[in-house]
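What follows is a pair of complexes built around subunit A, which joins subunit B in one and subunit C in the other.
Now for the complex of A and B:
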């Protein structure tokens, strides 16, 4: 009986070993198969809290902004109680552009940043003009002859702003706004992809992307392109929703985001899902430190961020040297 | 009694559905009216002129080479790759998928212009 038991146990052990070997062989085999399918381009990314294939994300983001384009500015005011204007003004103040600077506003859509940029440049020019007039109260003959020889006081190069967006509808709304406000001078509108910008190297002094980079499928590619088109010494500036640092404010912000914003979207723009995507995409975006790391990896120097409104919005800035 | 209630419910639901459909239709018709108005505006005045100063900044997103502006077809042409980017409402469309191949058919360009 002992012998038969021993035989039995030996057979069982051999069976178990065989099964174990089989699973061992299939295990890495399966993994390698999975790896192969990943390499074949089956990668997925996040669209809000959903997981979607990468090609689909760009299309769905396009549809979101196509739907909300007409009501985009009104919704911004309603959702942020007009505070988004302060955020954009803060961006301009920190940017402090000088006359002659060239701006590229990516994902600029309705053109808020570009309009503010042109206003700021004009007020800077007026200030410089005033200072120049003050200092020339008693001009020498040299100054008078110089003044007659130069044609324009705008400086050697006029400031221009190029607004680039992947979505035609948003650009159309922005262009109409510019024409109705009468501020079209110096503005150019281009439909382009942030991951593949249609601009040559070393072209712009300032690159801004305001509330647009979280919608880009490959953020690192967008950062690489930003580095490429900036002149050496150029500045990269990114306004984006980020992690709220204060826990009490965070709770309130979450409740507000998930309960009220989509409802506002439904009432004002007739589109619940687009604004649901908006608040979800904010949660999926990396936080301040992680994004700072991504910008540094792309090759920018002196990267720093400013938290606005307690971390609701973060302004990241880096230089190309 | 329950039958009456169910019947009332069904009728109400049906009327709500019809209302929803009619508002959607009105919105769509409104959109069509607006787009028709915009089309007539464009027809009355000439096509908004393309800003030639943009040409100094724009390059082909694929090859990063400068482009040539073609006034007749209102397109930006990359000779090397043989593709043309359309200009709509004075705004150039520099998305590679939206460009058309010059030599081949328009249909072939949409399928072969994969990124």
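Now for the complex of A and C:
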């Protein structure tokens, strides 16, 4: 249903473009007519099902997340019945980071991915430590003297996670969470725009963006920035709502999204419109294959995607080589 | 079962179609503003959010639970009132239409806000006048008429105004009944409003409000304040049909007699709990 609507929209837009081109040709003098894809400053994009000028989209998205920041985590649990935790856990399992990895979590707001990353690294470190100790149960004198000489070289490189978000309110909530959980070590909180990251080239081993990329005005620019800041061999991972493949589940999911979620938003967060925007923006985001194509166009290799929960969420992954 | 699932989807499609037609017309491109609440709105009045019956049901249940859990969430009480009050609002509007002054209000649609009230003129009125007593009520209880939420979920523009008027007239109720804004005073006004308007939200508030009173207050409520509020609620003229904004100089006693409201038997003293 959503696909047919999208097709129709594209057809209608193309029709209008043709109409405008015709009037441009036959119009008098140098009058520049405004079409859908004209000079800079006239470009429009979608904000949910609304059409807005591009400059405005970023501002409105900022306001949405400013309003929902305090209740963001509660609403996530309520809307997804806690399943969003499983999705984020799946991201970490597929990522399988090793101690020493540097993570950049863009649109990381309340820090869910970064916290899980640090937990995973710590448990990996403990596992490695245990294995090392097990294999060294009966060391020879040579082994012991070797250990003394290497001890002062400094430990393995510490893993760090940088959480970058354009919205200060979301970062504030994330920082408070980190402090209350007592896991602030190794985390940095940076305000930044996914389309223009405040980092040098070749800095990070892993770049993640979880449920954030559909709010970006220029997705291709965000993908190019991701390519830039990743080290060669680095991995790009994106968790995002996508097209449900099963038609029965799709109808249930649509009904649930449009009927229940905005009402829940009104009751829990006191904000209907922000959650209306959120469910509409999911429908406007490209599907799994199209997004895979966009990631490949940006220059990533070995791009693949995993469907979670029947396609409700898709995890895209690509490598910078 | 699929019919029920597809009905909201059909309505969704209609909304998508109407929005598609907006995409085609170039005007929409340049008329949207940066604020959600201003500019082109998708509804019958500014702030209106159209909802399906299923959404209203979810809102009613959810807001009821939220309001019970945290009575300071006035927006939830408001949403509960809007989603459950359809029949009562129709009744109220018909009563207003049948009354000449009420009809005038429905035509002129006055709104009660600090910006529309002339506070200095009201302060200069003599003691005992309606305007002076109302101002005194605002000052003593530290409340302002601007704290009322806008109506969002009523799907008829006139009924939405009736709901808005009911909310804004609440402070006038306090003045007319002589009730302060502490818990006992609020419950007494709720009983009066429940008897007057028949709104389910008022009835719910009237039943659940006493749960938060202590024994002494409960005694006062059930012996004197409560019966007085109920009786007056039933026999008083429709309070929404009074054009209060034109009656500032009228004496409070005179207004009470006109509305057929008896003066309160007791004035509940200020307690530690303050509710707006």
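Here is the rule we use: the second predicted complex is superposed on the first by the 275 of 321 C-alpha atoms of A that agree within 3 Å, B and C clash if a C-alpha of one lies under 4 Å from a C-alpha of the other, contacts with A are read in each partner's own complex, and residues count from 1 in each chain.
We take it that contacts are C-beta pairs under 8 Å (C-beta built on N, C-alpha and C of every residue); 3 or more make two chains touch, one makes a residue touch a chain.
Here the structure is a predicted model, which means the values were calculated and not measured.
Of the two partner chains placed by the overlay, only subunit C lies in contact with A:50; subunit B stays clear of it. For subunit A, the partner touching the most residues, choosing from subunit B and subunit C, is C. Once the two complexes are laid over each other on the shared chain, residue contacts for A:188 go to subunit B alone; subunit C is not touched. In the superposition on chain A, contact of A:255 is made with subunit C only, not with subunit B.
Residue contacts after overlaying the shared chain place A:59 against subunit C, while subunit B stays out of touching range.
When both complexes are overlaid on chain A, the residue A:199 reaches subunit B alone and has no touch with subunit C. In the superposed pair of complexes, A:263 makes contact with subunit C only, with no contact to subunit B. Once the two complexes are overlaid on the shared chain, A:168 sits against subunit B while remaining clear of subunit C. The residues of subunit A shared by its contacts with subunit B and with subunit C are 270.
Within the complex, the subunit B residues that touch subunit A are 27, 51, 53-54, 57-62, 64, 66, 88-96, 98, 115. Note for the complex: subunit A touches subunit C at residues 1, 5, 8-9, 12-13, 16, 34, 44, 49-53, 56, 59-60, 63, 251-252, 254-255, 258-260, 262-264, 266-268, 270, 272-273. Partner subunit B is touched in their complex by these residues of subunit A: 160, 162, 166, 168, 171-172, 175, 188-193, 196-201, 203, 270. Taken in their complex, subunit C has these residues touching subunit A: 5-6, 8-9, 12-13, 15-16, 19-20, 22-24, 26, 28-30, 32, 34, 36, 49, 51-52, 54-55, 58-59, 62-63, 65-66, 73, 75-76, 79, 152.
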